[in-house]
Structures are given as C-alpha cells and as structure tokens.
Amino acid sequence: MPLYVEKKPDVLITEDGVRTDGRLPHEIRPIRMTVGILDKADGSAFIEWGGNRILAAVFGPREVHPKHLALPDKALIRTRYNMAPFSTPERKRPGPDRRSVELSKVIREAIKPAIFVENYPGSVIDIFVEVLRSDAGTRVAGVNAASLALANAGIAMRGLVAACAVGRVENFIICDPNHDEDMWGDADMPMAMLMESEKITLLQTDGPMTDEQFKEALEMGRRCIRFLYEMQKEALKRPYLIVERSVFEQGEV
Amino acid sequence: MLLVKNREVVVPGQALAKGKFKPGKDVYIDNSGVLRAKKLGLADIKDNTISVVPLSGIYIPKEGDIVIGIVSKISGSTIIVDIRSPYQGAIPIPRGRTVERVDMSKYDLHLGDVILAKVKTFDGSSSLLLTIDMEGLGKLEEGFILEVEPAKVPRIIGKRQSMLSILREKTKSEIIVGNNGRIWVKSPSLKELLALKKALRKIETESHVSGLSDRISSFLSEELSD
Amino acid sequence: MMFNSEMLTHKLLREYIKDLVANDQRVDGRGFDEMRPIEVLNGTFTKAEGEAWIKLGKTQVLVGVKADIGEPFPDTPDKGVLVSNTELLPVASPTFEPGPPNENAIEIARVVDRAIRSADAIGLSSLVIEEGKLVYMLFLDMYVLDHDGNLEDALTIASLIALGRTEVPKVILKEDGEIEVKEEKWKVDLRDMPINFTFAKINGKLLLDPILEEENVAEAAITLAIDKDRRVCSIQKKHGHFTMEEIINAAGIARDKWSEVAEMIKEVI
C-alpha cells in the first residue's frame, strides 16, 4: 500500500527547453565525488548526483573462492549492483531482482575493458555498487563511482570510465535525465566511455530516436562524459592536494 | 615532449609524454604512441624513462622480497602462508637429504604463527615459493604486527633506511618492515607503539609531500615528550 | 566462507592484546570502560522516513526507517508492526559475502530489535490506525558499511536516531473502507532510549565497545541493553562464558554509561 503516489508533471519541458527542475537541455545536476570513504575496502568512492547517493567499493586483487573460478591468465572481475531497501520512495525488498542482475552485468561490461586484467592472473577483483538513494541515472553514477574506487584501490587501468545518461523529451535531447524525465520522457540512453580514448563501453537505449536525434544524443553524451571525467580526475587528486596544502600551512607556523 | 612534472599526481590513463621516452613501471604506450599512467600515483621522470609510483595497491610478490606472513595451513609436506596478497605463499617442508642442510627447528610452525620469510620464486600467477632458511628468517616471537599500504613501504624505509632509522630511534623500538606492508614492532611500552602507529599513518597520507623525514622526526619528538 | 586469511587472527595479535589487558591497557589506548568517539554525519543519504549514518570509531553504519501501512499480525491486532533487518554489506569487510543475511546478520538484527521492543521505545500500540484492520508498519533496515567492531551498539544508536527522526504521512481509514493518505505528518514518539552496550572478555577482563581486533581475540562477548530508567531490558550473550559477577559488573558499567550516550542521541535527533 503506497504512502506516496507519483504524479506526472503537466509540462516536462517548455518550448524554450526549460526542464522540470529548471535546467536547460545540456545541463547536468549538481554532483559531488569523494574517494576513500571506507576503511576496510581496498578502494571506495561516494557520489552525490542530484538526489542520488551511491557508494562503490573495490576489493582486490584477492584470492578467488571457490578456487575453480580462477582464470589462469587474468583476473576475474565480479560486479554487484544493489539497491538499499530505503533507496526508493516505496521500500524495496532486499535482495537481487532481475533489474539488479542485469545492471550488475552492464556495469561490469562497462568497466572491465579499462582494467589490465592480465596483470593479476588467478585473482579476483570484486566491485560493489550500493545505491543508498535512487534518483534516476543510478547505473551511470555506479560506473563513475566504480572507476574511482578501482583507481583508489591502486588497480592498473588503461583509463577511467566516465558515464552519463542522455534522454529525449519530445524534440529535445537532454543530458542527465531527472526522475520525471526518466519516468515520463520519450527515450533514455545511458552511456559510458573509457577515457581518454573515448571508446564506448556502455550503451543502452530505451525509447525511439531518429537518426539525427541519435547522433545528437551521442554527441551530447560525449560532452557530458568529458565534463564528468574532469570531475573524476579532480576527486582522485583532491586528497593529495589537501594534504599538501595542510602540510604547507603547518610549516608556515 | 613531457606532459607532466616530476612527482605530479597522475590518474590512470593520464598522458605523461609523447615521443622519445621509455615506459617504466606502471606506464603503458597507447595506440598513438602516447605514454600513459596505469595507476593513480606520482609521475617519476628519470632521464628518458617515465614511471609511476603508485599511491596504493595490493601487494604483488617479487622475487627477493622480504615478507611477513601468517601460517594459514599446514599439510604434510607444505606450509601455506598468507602474505596479504591474492597469492598464497608456500614453504615446502624439507625431506630426505635436505634435512641435514637446514635448521629444522625453524619448521616447527603452527597455525597463526607469524614468520619473516623471503620470496624465493614466483611465476606470476599460481606458484609462490617462500623460504625461511636464511639467517634472521623464521618465526617472529613477541612484538606486534602493524599493517600499512604496501605502496608506502619504500617511503617508510626511506633512502638508505633514513626514515626507518628515525622511527627506530625516536620510538626506541625494534622494527622490521616487510615489503608486503606488514611491519613487526617491539616497543618498550604501549605509548611508543601508539606513537609509531600515528607516525606510520602520517607517512601514508603525506608521502607525496617533500620534507617528510623532518616532519616525522618532529612529530615523534612531540608525541613522546613528557 | 568464514575462515579466510583475514579471519585467521595471528598469534602475536592475540598475545599482545592479552598482555596489554593484563596491564590494564587496550591496543588503541582507551580505558576499559571507554567508548570510541561517535560521529553522526550531516546530510540526506536515503529516501527513508528517518535515517542516520554514524561512525563509532571507524565502524560505519547507515540505518533507514521506511513506513508503510498494512494489516497487523494476527496475534497482536492492537499493535503496529516493526520489522528489523540487518545487511552485512560486502563493502564493509573482506569477510562479508554477498547474499541473504547469515546467522550473524540475523542475530544482530534481532538483538537491536529486542532492545527497542522490550523497552517499547516507539510505543507500538500508538501505531494503530484501526485495531485489527490497519496499522502503520515501520521497516528498520540496518546497513553495515564499514566493520571495525561492535556492530550491535553502533546499529542500535543509529536505529534510535533514525526512529527519533522518522516522520510519516498521516493515514485515516474512512467509513467506506477507503484509505486516505494526508499531507500532514506525524513524528515517531521515541518514549525510551534502550541502548546496547557490548563487552568483550579478554584475559578475564571486560572491555566495553570492542574494536575489531579485540573482537577477534575475545574469549567471550555479551551485549546488554539499558533503558531510560537504568533497567536492563535485554541481554544477549554471544560466544564464550561468563561468571554471574562478570555479568552484574557489566550491567553496572552499562548503566553508568547510559546517560552519556542518551544525551548525544537526544541532541542529534
């Protein structure tokens, strides 16, 4: 029995392209990335993106149990995407559902091309994405967080994987759909790219787009991903800059 | 053409240089000939070679490394040792003629014992052989084990053991540092051990900022003054 | 897989911690009756009706309370429903595996739940909309994010804060049987503050709020909940054994500690 009822907004986007949260088509929601927030995990990252709160943690490379799953020449990559019961307006029963299983795989396929798996034969790298609060775009937020967590764990990678979703609302191609746009919009396209080669490692579409719209969406996605990549780099370097500054300041005293 | 400065913090995939440079540790060359970092770390430029000194990462064994391990399983012929790595170390228990050549008392080990060992051979994926036959290797008695980021071990030891000497002198402790990020410590009292723990955390977080030795020296003097 | 290398506590750790205890010391420098610092994070991290993300030393837990409405349990038609669940997330420790709650997770959930229920901290009878037909249901979901020991106490504190912050839309059952959800909200009335205190026994001595290393080395452990009237309201002996004196002693220490923790919780709610 739901205590919260969703209502479709009367207008999803104005003629001038103003969206339900006041953004213009190319704008992304406020976002903040932090690394190293967990002590026991080998690497971790936390993303606050719009209303999303997503935690990623990495363990590995570590020993595989059961042993027969180990690959002789490369690391095994395991990924789990999980939504907390309190992450949605109506409580979500704990445990994997079909959507979580699919997203776990999609996220793994997005990240795996970045990892130098041949560097860690016979081992496993476990990636956990925990959605604490869901607000549209959790899988791409998960990919962004997972990349950060892997780098934070000191794992050898070709580059970071940055991700963003693009959508279509009527004739507008929009970046980073919010909840209303995700629910009631006309198309949704999550994307991820391995930087800096910009090779696409995640691409899904849900909803029709003409050839022109599709190309525009890909280009919009690329631009947003570039922006997010800059944020990822800053998040990884930030702790070191903070320490540097504080040491410097202490020295002055 | 160099794209980064020496000791600059770089992220995986970051372009480090183009042209006549050689890729060192944790650096790769992409399809268009650009040298890129494989890990989050500090760019290290020596003549024409560019490496990355990682700021974190699990310990991957190297032949010749000294490691501190925990006995995790003993079968009839092998002692299995956990060295905080995805690869378990194995010490074959000597049989036959070999028994005469080694100190067999060293092999009187039990589950949970802490040992100082050397990496004899590692094939990179499944077979990791350790040895305790050399002088100074074997079971560690008393003391305590602290764990640090394996990537920070070189900094904790320092050039010509300079940092390690500071740690030993200031805390009046016996300290053995394993390449696998485990450190055996015997301190006069809990006070020194706690000060050492804090100093190690400080080294871990500030390893990329120069002047560390002096800071650690002052820090320990202050912590242990009365 | 319980016994991997992380769980295999090495002998030096065991001996060292025991030696320290014999000299009235702890491996992190705390006193035997001293709890680690508690930090409550600011911000919104969930879509729960009440939430709390806290740190107890380096242990980190996140608790969310979700509200729903439904039929009461047949044997308690005059009470609302409280369902407590704990997830030992794999992100929290190399020893936690993904999957349904194991016996440890279930025990922890029930220990926290028992403290709250035995003290009737949220007044389950006040959660009734219409007796026998419709009640409020509160789901207490406890997430362990980082395991550095003493999950029970951390989760209990976070749960009390989360419950104290819980606001639920008011629901009325109309005469025609229709359910109406109003805009107006009511806040959970935390009428008691049953706080769990866990002790680990090492070398015959009791240590409050054990850190992970102490937990791994302890020969016994016990958790006691104290309510606002300083009564012991629930107990769970974990592993090992205790003398009666030890337990009475522990209860005394817990009673003394109650106000300090209760004050902090009240301030934060």
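Going in written order, the chains are labelled A, B and C, and every chain counts its residues from 1.
Here, contacts are C-beta pairs under 8 Å (C-beta built on N, C-alpha and C of every residue); 3 or more make two chains touch, one makes a residue touch a chain.
Note that the coordinates shown come from a computational prediction; the quantities given were computed from them, not determined experimentally.
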Farthest chain (mean CA position) relative to chain C: B
Can you check which chain pair, A-B or B-C, has more C-beta pairs in contact? A-B
Distance between chain centroids, defined by C-alpha means - chain A, chain B (Å): 33
Can you work out the whole-Å distance between the CA centroids of chain B and chain C? 38
Touching at least two other chains at once: which residues of chain A meet that condition? 62-63
Please output the residue numbers of chain B that touch at least 2 other chains, ranges allowed. 88
Per-residue multi-chain contacts in chain C, two or more chains: 5
Going by the contact rule at the top, pick out the chain B residues touching chain A in the complex. 9, 11-15, 26, 28, 30-31, 36, 38-41, 54-58, 60, 86-88, 124-126, 151, 205-206, 208-209, 211, 215
Complex contacts: residues of chain C adjacent to chain B: 5, 8-16, 20, 23, 25, 27-29
List the residues on chain B that touch chain C in their complex, please. 70, 72, 82, 84, 88, 110-114, 140, 142-145, 184, 190, 194
Residue numbers of chain C touching chain A in their complex, please. 1, 4-5, 44-48, 51, 58, 60, 62, 64-70, 85, 87, 89-94, 98, 100, 139, 141, 143, 145-148, 168-169, 171, 179, 181
Touching chain C in the complex: which residues of chain A? 1, 3-5, 38-41, 44, 53, 55, 57, 59, 62-63, 65, 80, 82, 84-91, 94-95, 126, 128, 130, 132-134
